[in-house]
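Just below sit the structures, each encoded as structure tokens.
Below are two complexes that have chain A in common, paired first with chain B and then with chain C.
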Partner chain A sequence: MTRAAWVLAVLLSHWRRHPMQLATLLVGLIAATALWSGVQALNQQARVSYDRAAALFGGARTAMLIDPAHATFSQAAFVKLRRAGWPVSPVLEDRVQVNGRSVRLLGIEPVTMPTETASSSAIARNDLHAFVAPPGRTLVAPETLRDLGLAAGAMPRINDSGELPPLQPQPQLAPGVLIVDIGVAQRVLDKPGQISRLLVGKTTHNARDLPDKVAGTTLQRVAPDSETDLARLTDSFHLNLTAFGLLSFLVGLFIVNSAIGLAFEQRLPTLRTLRACGVSARLLNVVVVIELVSIALFGGLVGLMGGYVIAAALLPDVAASLRGLYGAQLPGTLSLQPQWWLAGIAMSVLGALAAAAASLMRMARLPLLAAAQPHAWQQAQRRWLWRQGVLALAMLIAAIGILVFGDSLLAGFAVLAALLLSAALALPVLLDSVLRLGGKGARNALPAWFWADSRQQLPGLSLALMALLLALAVNVGVGTMVQSFSATFVRWLDGRLSADVYISAANETQAAEIRRWLAARSDVTAVLPGARTEVQIEGAPVEIMGLADHATYRANWPLLRSVADGWDRLHADDAAFISEQLSRRLHLDVGSRLRIPAPAGDWSVDVVGVYADYGNPKGQLAVNIDALSRHFPDTPQTRFGLRVAPEHIAGVIAAMRVAFHLDARQLADQATVKAESKRIFNRTFAVTAALNTFTLGVAGIALLTSLLTLSGSRLPQLAPLWAIGITRERLAAIELLKTMAVALVTALLALPLGLLVAWCLIAVVNVKAFGWRLPFQVFPMQLLELLGVAMVAALLATLLPILKLARMQPATLIKIFANER
Partner chain B sequence: MIWHCNTAMLVASEPTRSNACPMLKVVNLSKSYRSAQETVHVLRGVDLTVARGESVALTGESGSGKSTLLHLIAGLDEADGGEVWVEEARVTGLADAGRAALRRTRLGLIFQQFNLVPSLSVADNLAFQSRLAGQHDAAWLRELITRLGLDALLKRYPEQLSGGQQQRVAIGRALAVKPALLLADEPTGNLDEATADEVVHLIRDLVARSGCGLLMVTHSARLAAMLDRRLHLRGGLLT
Partner chain C sequence: MSADRKISRRGFAAGLAWLGLGGARAWAQGFAGLGGEAAGFARVVPGKRFVFPDDFGAHPEFRIEWWYVTANLRDASGVAYGAQWTLFRQAMAPGPQREGWANQQVWMGHAAVTSATTHQFAETFARGGVGQAGADVAPFEAWIDAWRMSAVPPLSNGTFAPLQLTATGTDFEYTLRLNAERPLVLQGDHGYSRKSERGQASYYYSQPYFTATGSIKIGGQSIAVSGPAWLDREWSSQPLAADQTGWDWFSLHLDGGDKVMLFRLRQKDGGHYFAGNWIGRDGQSIPLPSDAIAMTPTAFTDVAQRRVPTRWHVAVPSRGLAVDCTPLNARSWMGTSFPYWEGPIAFHGSHEGVGYLEMTGY
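And now, the complex of A and B:
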């Protein structure tokens, strides 16, 4: 065995004799890696899905030609450009209903499809004949096939207007999409000779040479974009997840740091013996790093497996959130790329090295002859107290500085990070002050010892307490934000969903029939037509919704501020209400003027009000529905809200179902729509809540492991008291009281810090991430509940070491006074 | 069997006492410690020679610099001036790696605090340095175990041994590497009188058996008298 291997064997033998310490270290590494990599797995899965969708549609990744004034245009433009040598390929796209589910139908022309549009063209070319020759094929992602409740080979009917070719599952496809030959799409969508866009392949031609007008159609070239709309819209969501993953990772590293610090202290004599026996400092340093990296690799691998399990468990909630919030489709199963595994391992190794940096540096500078001090580590930590205090103050100043001068989402998170770090660093200083004050008030010997010994024990516990403080503060912060959101969201839903019944007709013909039918109903007191279209303003999608002039809206619309006669202006002039997030993004407010790109030319509107639109990642404008129809004549008017007396709602819905064969997605009462919105809302925060719980759990483990590892080194402090007549049971009770006291002080400090975190999330991060600001509210019951959870976690963590002490054999305590120790 | 003063070669020969090739040579060695208030001159030009197979006792009052001298010889600390030679190696001219190599292969160190590796068994502690140095000799180790009376304790851990037993293990570890020079810093400081006598006898016998030099720091005049020569450190100088 080489020299390095011998040294490694000696170092590893320490863990064999101290398995609890090794377990602590591994728990820290595994928890840190699992939580971080779990979150990253979810992010990666989502991003891959966005890329698949983008590549499939040829929307964002391929240059294309569209008719800005119409949803479709004549395929004659395709023929003409193709003859002129342009590598264009037609696509016809629309949403269709299959088995009551809304999916995207995509008609492609496989022969001319540009190669860079990836999966769709490649799939089509693999079996070109079967795809284009009757009956053709409908390509579908396996998860979509499952969602639709259909089997491969089935020929589903769509919109009651046609039958699709047999379904053929293709694993590479994005979910929620059906792909057919463009001829089939034109037939079943009843759009003969029409196309939605032309994809432009790579060409030596200069794009500027493309004619503006082809075959009577004015075409607009849309440049390829490296980031998809979905990726842009969901950035904030993923950044939130990443922030939580990072926080959990850091809490895990607190455990690693604590375990390595204590192991280093216990191994000091061994390290000196090794040096005395002729192991050079360089060899010793290298072997210690090898040992640490080996442990980190093992912990990282197990952590990655844990991360996979966490990601798989959270994926349904994340998928539901993304679908509900952004309409993004995620497959139901995880498929991870090699870089995820590599990144997870790298995070584990780098995290372990970072957590061990202080110990490694001390070892590198280890004086060979310094006498081994049993509590050198704790003493060194005490010397660090005042430096920590200064650093905490510096971080607080940094947080205030970023808050004042920063103006981005990252700056928002930086404020949070600096604030939390400042509080964590200040915690030992504050606790030390509290304990010193307590000591000053102590009159008798035992209470005086209690305070003094608590201070002596503090350095060993401070890292775990810092982790507890961070976890609790983030729990309070996120809990308060979610509760504030919940309370606001319910009020907001009441305002936005003021109609009693909501209808979405399949097409304009059906909409007209429904209108006629409703006009004859005496139990329907009002029909509120609605219409929506979408435009791009400053490079981002903006919804424009048409509102009818009705008292229902005037009474309930969640306006935040408006001009005095806002509603009158909205229905009389070229005016619009603007959503809060769009008003922030475009720096517009009441009194501003906005130009909306419309088919017949820009439409200038006055902003006459700002309204809350929580949860909507897109900007939104509300205009008069008649004005919308004038400026966007192609906007389908297929949506209605109905005012119906409560006792007639069920009857109206039942009658409409019979008359128009509308399913649950097309026809719903207010209560159902609200319940669905709340369900989406709750699932959105289910992921956050789960990560919150994990983080608190990891902090509890940090406290437990710190107490367990400290319990051994506590004996020299406790044995003399036992020797002078304090029973083991009483000593155990004192130890319990001490830990609970510092945990209580930590938890009490975490409450105001958590509220500060909540304020940062609501007033800074949410505003930057989503564009809307919630009213800040405090929920005292929730704070009390969390305080209780913290104390129970501390009690559970304290119990095991305390029981060990209470049951300790006198022989073990006697050893403290003997040489044989 | 003894080992030739050439560190690269191990040559079996009869034990001799000759100053022709000393195991240890210390020339004009000085060392001082500076604190905020004062500078303490611990060693003021110490000269010392230990021959092959010779055992030398180093006595002196507490704080006289006995341990410091031992640490400088072992390359655990750096001298302010003067030279230390162990066989043909000038310790005072070596870098950290060189000093580590010298300790590993040519020196045996015994301390008052035993300095065993707590996580290794007695057997592993005994073999540790010789394996580290690549100089493991199973037969020699077997003999040491027998002579030190450790046969029944090989599977135990240091915390399960008495002070005397731990010191025997430390002696065995130091000698297992077949050192040129054995440096012992108050090896009996934690032991009772009878055990101390027994340990010194053992060390002296094993030194004679292996032919290495011995420099032992002790407070005890009785134990010092058991060795070949006695030196006294006072005022930073040997007398």
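And now, the complex of A and C:
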């Protein structure tokens, strides 16, 4: 044991002499763990929230009965099913305004609520009497209570009408939801005897016993975990984050790998001496592993803290994105589970061991007396390059294969991964070819040496260069995608938000008053009525929009493709435009027919056009508004768009606000709606951009550490040059030029690779994840900018070793000749 | 006989405690107001004249009420089974009945089927006011979900028969027809059943002379059965005493035609309070003095991490009764929100017969 301790002390002394190396090793470990665990923390937080929401709403985990044609139905169905022995429980739900904020009001029946939905959240069970007996309780998550600016016990009004029972904070509740007893919900929503859905429990009957359609009712069963599942909708978003986290982790491991490689190289004499002193190879190996694991544990712990900081910093953006895109509510504060810490530490240790595997293997086979000098490097390198090339080709073929045959989001990411890996593996081969070409052109001895030496440096630098390549390529890819989205989104918003003012009246009576009021005004050029309803098609919710026949729509609607007389047919026939998402999901296109379940019987429509509907997780279809009212007579006619000359917009809004007491949610001008939409969109990609920057930073560190590693071991190559009269400054300049040249070639290669990545993201990943495809655009300025950033990063990474070389004591260079190396 | 269903009532109240319906607090408050009135609820006073069929239905102005049936059944080859059907009502608040979801009644159902080898049970809850559970007078029907106790017209107001009884659980179901030739038995003093020296009382009548015929389904097998059954109807507004820890309650169908109800109330101080009624073949129900009853556990069973006395020696020397009671299934555990032991028994000794045993607080 003492022997092991002594060996460990000897090994550790290395770090004391090379603190910079220890620092790089730790930086690598910390960066890898921090980025990975930060992303995992975000994902975990989101998943816990979804579970909370799902358990609460009975949305995903519980089967439900809904009326496909109506938002609500009579609670007589509840009693009827209960008395037939079905374990159902009623829920009434609606969005309401509280203190100017929109929240979800959920009326539940705690006594019959299936235990599997209630037990996980333990809502209402602890004080049922207070919850159901007048005045009742409004349960709310503490963060939502804060957001609403209300205190516990307050009794706010909803929609400026009904008064809610006293608010009571419940920490385990999902945010953005108010929970009341179903009786209270029916009263404040003015829906006596109405329910939105029935949760189906598992207590007395098998779920399969419950038919898809319940006889004697129009109710339809929605199986648990259907398309409406929030977790599944957001899966793509989290997969995105995970992919980035993993990439950062791998880049971090590149650093660890090069740092360990360097340490091993430098400790060879020590190791050999220890072996010669009688330390067994086994003991040496064990001690080295212990040392590595200890360092990894320390780095992992620090990395976890870093991960926590990263996650906490990104959480607001992630939460905003998820809310904006999917309506998913995330609490604003991070709460982590023990598994997260364990998984983070395990990743750190396993990653360090993987990164050190090559060095450990070499050490295990270390011949006792052999010299450390690499033999016949060129021959070894040729074999290595050949192997890399073959592997790269194999990965490329795999990428193409998955692209052709794969048909899922995971396959999309697999294509990306295979493509990036293939490019990374091919990089040394390509660089070698470029350098060989350069070498052929060289006439003088020094340039010839320059090229040849660059080639010899390749194996040592290649890992760092690969990291740089990957980081750059992903940056280019994501940047291009975000820019494409940005450009498209703005145009699309202009098309979709073609009216100047948007109004949503509180009810039909008010809507009629508003219409009369508007008709009397001369500054309103047109009133475009709108209506919206929702149905279930193939088990997924689909929105139906009613469009008025107006030139505004004809001019602006973002149609992707349509029949020649699309607009005429839309307004004359049983016809519909469908959103791109719906078109992909139901495999429909222009010319197809679609059956829409309607209260008065199915409604068959011709698909006469497909339009872009970015960012909407639900499918959508647009029909003529009169046809919509005919088939869905209950659809409220409370929405309008107004065409108003720009100079009158402010006046009209102000007048309406006074006349009808409409708040900001009910009355908005186009500019505000657009700004809001863009804000949501921007935050969506803020996370991606932040992770992107991190990755690039880590790649820069990888390059720096690799160069530091090389600078030490390359002295034997440089010393003879110095001895024949080339100054240190000149040598440093040559070194700088060499590294920059290699980095430039890498960066140049990264650009087309990045564009390929962007194409993959836009044409494969986005389509699978969101159901829409953006037009692919290239932004040359952005590419140039990234190229510049890459070169600056390379320059910064090169600077330190170069300065070291330029200032090197001649004695150090002379020593090379005395040394055994 | 009066206090027998306190056991179940306690079970019910504790079940509601699990649901948070006031629970332990309401319980304690009830004790605080002991002897006084449960504010706002109707009072139980001597001299009530029972009117049927009105008193078959619910009495929502009282705090608590139950419909309780136990049946000792046998199939054609003599194999024994037991069936239990209970419906409880509790008012969360006094006052006029509110409409719809605002209604203050909460209902709970328990059902079980027992054989020598299995004991299947189920539990369900409902709120009043919407029709998921209730007890109507004409035509008589007491129900919760798909469980029903309903009149098979024409219903006799004197015998409360014939009735149809059904319940379904995950692994069992039964449908029984209950017939009776003899009239209902009013417990206590003409249905005024005193429960303590401190003035607690309930309205209480029984039909111990039911004959059940029908079928039970257990283990996927449908079995034709018949045998004696016992119904209790009781309602009250007052809770139990604070120092009571549990109950051991017996209903016995003596082969000679007499019916006996006995219970032991276990107290915190280790003492027991005994009570019971002897209901003769002539329909006369005579209270037994406390010191006339002896109940001694003779064997215990470990069930659900508890030690429950499942064999008993029961004696009423003044009536010449000295029997050893054996459970049909020693594991007749009701793992409901408030768990208890309830199952059919057989007894031998001075008299032979079958009955039901209910034990709480273990």
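As a working rule, the second predicted complex is superposed on the first by the 687 of 821 C-alpha atoms of A that agree within 3 Å, B and C clash if a C-alpha of one lies under 4 Å from a C-alpha of the other, contacts with A are read in each partner's own complex, and residues count from 1 in each chain.
Note that a residue touches a chain if its C-beta (ideal position, glycine included) is under 8 Å from a C-beta of that chain, and two chains touch if they have at least 3 such contacts.
Note that the structure is a prediction, hence the values are computed from the model and not measured.
Asker: For A:Thr509, decide between first (touching chain B), second (touching chain C), both and neither.
Answerer: neither
Asker: Between chain B (first) and chain C (second), which, if any, makes contact with A:Val79: first, second, both or neither?
Answerer: second
Asker: After superposition on the shared chain, which partner residues are touched by A:Gln337: those of chain B (first), chain C (second), both, or neither?
Answerer: neither
Asker: Quick check on the superposed pair: does A:Thr270 touch chain B, chain C, both, or neither? Answer first, second, both or neither.
Answerer: The first partner, chain B, only.
Asker: Let me check the overlay on chain A: which residues of chain A are in contact with chain B and also with chain C?
Answerer: Shared contact residues on chain A: none.
Asker: Which chain A residues qualify as touching chain C in the complex?
Answerer: For chain A paired with chain C, touching residues are 75, 78-79, 82-85, 109-112, 124-134, 181-183, 186, 192-193, 203-205.
Asker: Please name which positions on chain A make contact with chain B in the complex.
Answerer: Residues 1, 3, 6-7, 10, 13-14, 16-18, 269-270, 272-283, 368-369, 819-821.
Asker: Okay, in this complex, where on chain B does chain A touch?
Answerer: 71, 74, 76-77, 96-97, 100-105, 107, 109, 111, 115-120, 124, 128-129, 131-134, 157, 159, 161-163, 173, 190
Asker: Note which residues of chain C are touching chain A in the complex, please.
Answerer: 18-22, 26, 92-93, 100-102, 104, 106, 122, 124-127, 130-132, 143, 145-146, 168-170
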